[in-house]
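The two complexes that follow have subunit A in common; it is paired with subunit B in the first and with subunit C in the second.
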Partner chain A sequence: MSADDVADDVDGDGAGGGGAEPGNGPTEADEFDDRPGLYVESTVIMTTVRVVAPFVLTFALFIMFHGADSPGGGFQGGVIAGSVVMMLAFAYGIESTRRWIDVRAVVALAAGGVLAFVGIGVGAIVLGGQFLQYTEYERLLDHASKYGIELVELGIGAIVASVAIGLFFLLAAGFTHAVEGETA
Partner chain B sequence: MTLTLLEAALLLFVVGCAVGTALLEDTLAAVMAFAAYSLGVSVLWLVLQAPDVGLTEAAVGAGIMTILFLLALSNTVTPDADRILEPVRWRTVALVGGFVLLIGVTVPALPAVSDPTAPVASGEVTTYYLENAYEQTDVRNAVTAVLAAYRGFDTLGEAVVVYAAGIVALSVLRREVFA
Partner chain C sequence: MTPFEWVIVGIAVVGAFFGAVAAIGIVRLPDVYTRAHAASKSDTLATVLAVGAAALTLDSGLSTVKSVFLIVFLFVTNPTAAHAIARAARDQGIEPWTTGTEEGDDR
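The block that comes next holds the complex of A and B.
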């Protein structure tokens, strides 16, 4: 889905929102973006974010991967990657960004990061070493330590990015959705 | 202990922002002061040659935390502030001042910044990491080597804490996905 579609989505929200129907998911979500002051559609912000976002994501991946040889690592890179989604939400509205991103993927990314980290650690035990003993992978490929550490950093990045995005969406939704989920 | 002009200015800025965060009546202004405080601290880390910590402070403290605070603010109703500064509660000042004094007493016991004879710089563990990290782990950044290899188990714990924070937030709000 291109950025244009997201922008169109926002326009649709503006027309459809306003009806007070508690318990109806999408309508309530529309109301959220319609509240004054929370989202302002601005061509300047949308264009800027569209141009800047790919570079920020690249920088995040650079920080994650290059953390082995320069300052940086999974924690820092993950936060920067998460901030890309927040930038998109800032430009195109939180609700349409939430719909654009599959929220199940965010949870899966967090769990996948933990599984990758634990998997690399346990894999070394399976190969006869100790937990997270990267040198055990050396017989499978060259520079295994380096690649193992970089994979671990990537796993940490996935956890941090998805939890940051998740907390952002949760806080943005507030309690309205929670109450609705309880009754449903 | 001598301070360079830059360090002194940064320290003054950080302390000023911290006091501002505590004293400003308007919540939005306090959040902004807190973000500036984080930014000041992250630059201070850079000056003290701890870029890894500085990067984390800038990304988490000044970036994500500010966004989350602003979101929380936008979801709550805050009364308009009719004055700039909060009235000072002297009991709190006494308590915080006492705590700062207590911590401050321990500061002279610390080695000076970049003191080559400091125990942490000449210690056995530090020397071992610096001498062997590249050979043993193949990564040039000794911080990453310690974080992901020598202390990998601790880092796994840290990563799981972040994961658990997300899961706890979900379960408190009774959601299954972050929505």
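The block that comes next holds the complex of A and C.
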């Protein structure tokens, strides 16, 4: 039990209370904190997420980079990358994750993805080709078509991931307000 | 067919059997906890056996390695997801199903 308490304190930044055991029922959780519906961390879920999250992010990049010549692509990989944040939110609590990830960073990621996509597309026009005509970059560096496709896929992935994260946070905000409205 | 292929067919059939068990359990069992019980254990075993049969069928190259990775992560994540669902149901205050007349309020 003491190990569980230490794990809760280290990882949950105190949100679950110092003495909160992983198996607490709803009534005990309400006694610990005046906020209703507060999430109490589970050691099983936190450990699994901590182990799996890097692999999931790697798999997301794997899917994104294989979009050019095999099944996969920026959309699927972006959704997987966004699901990493949702997984962290399920394990460590939605409000903790919301404090950890600045909303401006999410918006900046989406804007950066759009800028990468448009920049590569318009850059080809500047070099004298059509929109997204990667072959125009061949005179600048070798294998420019592949790099262009991969960069566009990364941009799409950044857009999809950040939009998924933002939508998830918006839905979670509605849920929290609904819970507070019920008890108030 | 070689004996090795018969072994692969046997593994796939056992996996399909446990998949059917999981599906029947989700349809027939009474509440969320027993359904999570059926879905997590039987479904994990069914998926792992099916992917294992695929891993044995494929050439012993990159595809087999990917299948083995799939099996490892299924074994880690599938029970954890079932645990999270059951735990969230308990946080919401859902009472476990009992036979009714016996004591069912010992928690």
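The working rule: the second predicted complex is superposed on the first by the 134 of 184 C-alpha atoms of A that agree within 3 Å, B and C clash if a C-alpha of one lies under 4 Å from a C-alpha of the other, contacts with A are read in each partner's own complex, and residues count from 1 in each chain.
Please note the rule applied: a contact is a pair of C-beta atoms (placed from the backbone, for glycine too) under 8 Å apart; a residue touches a chain by one contact, two chains touch by 3 or more.
Predicted model, so just to flag it, every value in this text is computed and none were measured.
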{"item": "First, second, both or neither for A:42, with subunit B first and subunit C second", "value": "second"}
{"item": "Most subunit A residues touched (candidates subunit B, subunit C)", "value": "B"}
{"item": "Which of subunit B and subunit C A:156 touches, first, second, both or neither", "value": "first"}
{"item": "Contacts of A:51 with subunit B and subunit C, given as first, second, both or neither", "value": "second"}
{"item": "Touched partner set for A:169, first subunit B, second subunit C, both or neither", "value": "first"}
{"item": "Which superposed partner A:71 touches (first subunit B, second subunit C, both, neither)", "value": "first"}
{"item": "Partner chain in contact with A:110 - subunit B first, subunit C second, else both or neither", "value": "first"}
{"item": "Of subunit A, residues touching subunit B in the complex", "value": "37-38, 63, 67-76, 79-80, 82-83, 86, 98, 103-104, 106-107, 110-111, 113-114, 117-118, 121, 131-132, 134-135, 143, 145-146, 149, 152-153, 155-156, 159-160, 162-175, 177-178, 181-182"}
{"item": "Interface residues, subunit A side, partner subunit C - complex", "value": "25-26, 29, 39-40, 42, 44-45, 48, 51-52, 55, 90"}
{"item": "Touching residues (chain side subunit C, partner subunit A) in the complex", "value": "73, 76-77, 80, 83-84, 87, 90-93, 107"}
{"item": "Of subunit B, residues touching subunit A in the complex", "value": "51-52, 54-56, 59-60, 63-64, 67-68, 71-72, 74-75, 136-141, 143-145, 147-149, 152-153, 155-156, 158-160, 162-163, 165-166, 169-170, 173-179"}
